[in-house]
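Each of the next two complexes has chain A plus one other chain: chain B in the first, chain C in the second.
Presenting the complex of A and B:
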């Protein structure tokens, strides 16, 4: 099927594809930062001992994980204006992706923290370390190491999810590929160009994750 | 005499050759053999193709293609697509025919074969009622956001008619651009008058102001693949036939030129 690929047209659309690639890179990076902030916050709330502070974190994580990203995106795009808040589509996209990914990141970080053997925490207690000291000195340095791989995995998911923003008229990589399909009626060329863009992003992140892991893995814990 | 014999032989041989290598079965033959006409339609494109209040698929294009299948003596099968999925569905062979409110542009005609136009429409602009947009002129102001449908003729027309507007292209059904305007994500919208009028009817009274000024004049036609010239010839004859016997006008008067259908659907 790919034998008949019209590379001439694909090259003609290279500037659009490149613009889309940069847009996808930008909004994924911005959303990743947002998601990390939300994820750390939600996780911190979820594991601390006060029940009334845990509740909002649990509601947030459950609400996001139980509904499709597309629904969340449309909810923000068409719903916020009803409350009188009209934001640019790019910003809404970043907010939606951050909220969505943040919930998954909270779970990843939480599972990393819970993976630290209870005995180490108890050892910390018996030497008189406070809650925050135990977190800072014993739990987090180890927990963050094991969460890096799944967090990068979540970043890859986030990049691919950002393709949904094309539905609220954000011009990113997927929309750039759709242009080839729509202007030239060559859907396969458009899809291949789009896929190549995502593939590049995927491999960059994958090798970054591999390199990080090779240098920082803990003996016996991967 | 000898020549005549040779000629006769040649004629017989040619005839045999023709019998030995039957002409490749046409699309019409395929349709008759499988007993169904496959038609690609838009999921939400009133008044041409949409799900009505009772969840029934209906519309002008639905009724006309049902009529086509009846005249052919086969069943009709509908395949649902978003606007920009229609052409790929036809080109990839999933559907035999594309029945939508599609303009036969020269660019599209490089890929698919269009029937004779069954009607003419024009693009109109619309805005939210009671907002700061009171005329088409207001939509022309620099930086005004204009919602169009990805891959539509409105999207092509927009930069010419509204050179200074900021154009936002939405993928999906036509109602998405109405949602964008209703919610304030875009100030103005641009699409075919028939589509805008029909789709605006689904919103509360007074949601939109549709500016009457026709910004273009465009034919609408159904499409088939270029390897289906038999079906194209048949389709053209169908349009001629229903034009002459009044069934086309009855369809368009009910669905497109008036709001008569809204009482029933």
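Presenting the complex of A and C:
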């Protein structure tokens, strides 16, 4: 099937693919930052003791995890204009991806924090450290070490999910690949070019995760 | 210094502390023993507010434990040593010891390190300042934990089975540090089954069973002529080890 791959056409569309690649890179990076902010906030709300502050975090995380990203994306795309909010498609896409990934990141960070033994917190308490000091000096430095790998995993998922934005006419990597299919009736060439782009991003993140792991693993805990 | 009056605590329907009344004077060393599940750890965990209780009154260094606002300040005056050490794995021995003095006492790093080095030397770990907890033996880790508590210059030291997680050959290096501390006049409450330690430095030994204090006596009386059958039964079990 790949034997007769028309590389000449793929090269011809290289500028479009490159533009799409850059767009995917940009909107993934922006969504990742947005998701981190939302994730940290939702996690902070979810682990603090006041019930009425926990509730919104729980509703947010459940609502996102229970529904498909595509539905969330269309919900914003068609819903926001009805509220009189008209935003560029790219921005709607970034908002949808941030909201979606943020919920998963909140769960990743929360499980990292919960993995720190209770005795660590008690040791901090017994020397008079306040809640925020215990979090900042004892819990988070240990929890973040555990969460970096799953967070990078979530970033990889986010990059692939960003292909859905092609459905609300954001021109990114998947959309750029579709151009080859539509203009030249060569869907396989388009898909291979697209896949190569995602593969590059995947390997960059994977090796970043590996390098981080090698440098920062907790002494004595592998 | 520590004054329990009529303290009760329940875990759900389990009555873990029954009507505890007990006074510990400044400079006194009190050893608490009893079978597992008798409430002895819970008892000393109440003293620095690691466990809440439901009724009664507990005064520590003049502070009422019911006053949750005063709790943070009180904890800076009460050192606590855990059975499982609970050292911070991402920090060196010296960093473990200086963390609270820097962030709670607001000492400069230099002052805190000077104090921390002196204490680590005192517990015999002058050559382990920059080691991480996983590079240390259990006995060494527990001595770092003791130095970490002492670095806050507490008025009271609480020990919750400090040698129970240690290999036998490491127990004495930890007990020696504790004996030294007792002889310097530190107010101490120690949950332990190390009866040699109790004989050597305790002013009083308390025997607890099923959440209640059964017997309180000076060590010589406690070991030679315990008043209660349950105490005798318990002693015969642990002294025959």
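What we mean here is this: the second predicted complex is superposed on the first by the 219 of 222 C-alpha atoms of A that agree within 3 Å, B and C clash if a C-alpha of one lies under 4 Å from a C-alpha of the other, contacts with A are read in each partner's own complex, and residues count from 1 in each chain.
The criterion applied here is as follows: a residue touches a chain if its C-beta (ideal position, glycine included) is under 8 Å from a C-beta of that chain, and two chains touch if they have at least 3 such contacts.
No experiment lies behind these values; they were computed from the predicted model shown.
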Touching A:78 in the superposition: chain B (first), chain C (second), both, neither? first
Considering only touches as defined above, state whether A:141 meets chain B (first), chain C (second), both or neither. second
Which partner does A:182 reach: the first (chain B), the second (chain C), both, or neither? first
What is the contact status of A:62 with respect to chain B (first) and chain C (second): first, second, both, or neither? neither
Chain B versus chain C as contact partner of A:125, first or second or both or neither: second
What is the contact status of A:133 with respect to chain B (first) and chain C (second): first, second, both, or neither? second
In the superposed model, which partner reaches more residues of chain A, chain B or chain C? C
Touching both chain B and chain C, residues of chain A: none
Quick check on the complex: what are the chain A residues that touch chain C? 117, 119-120, 122-130, 133, 137-138, 141-142, 145, 218-221
List the residues on chain C that touch chain A in their complex, please. 48-50, 72-73, 75-76, 78-80, 82, 84, 86-90, 99-100, 103-104, 132-135, 145, 148-149, 152
Chain A residues within the chain B interface of the complex: 77-78, 81-82, 86, 89, 166-169, 175, 178, 181-183, 185, 187
What part of chain B is in contact with chain A in the complex they form? 84, 87-88, 91, 107-108, 110-111, 147, 150-151, 168-172, 179-180, 183-185
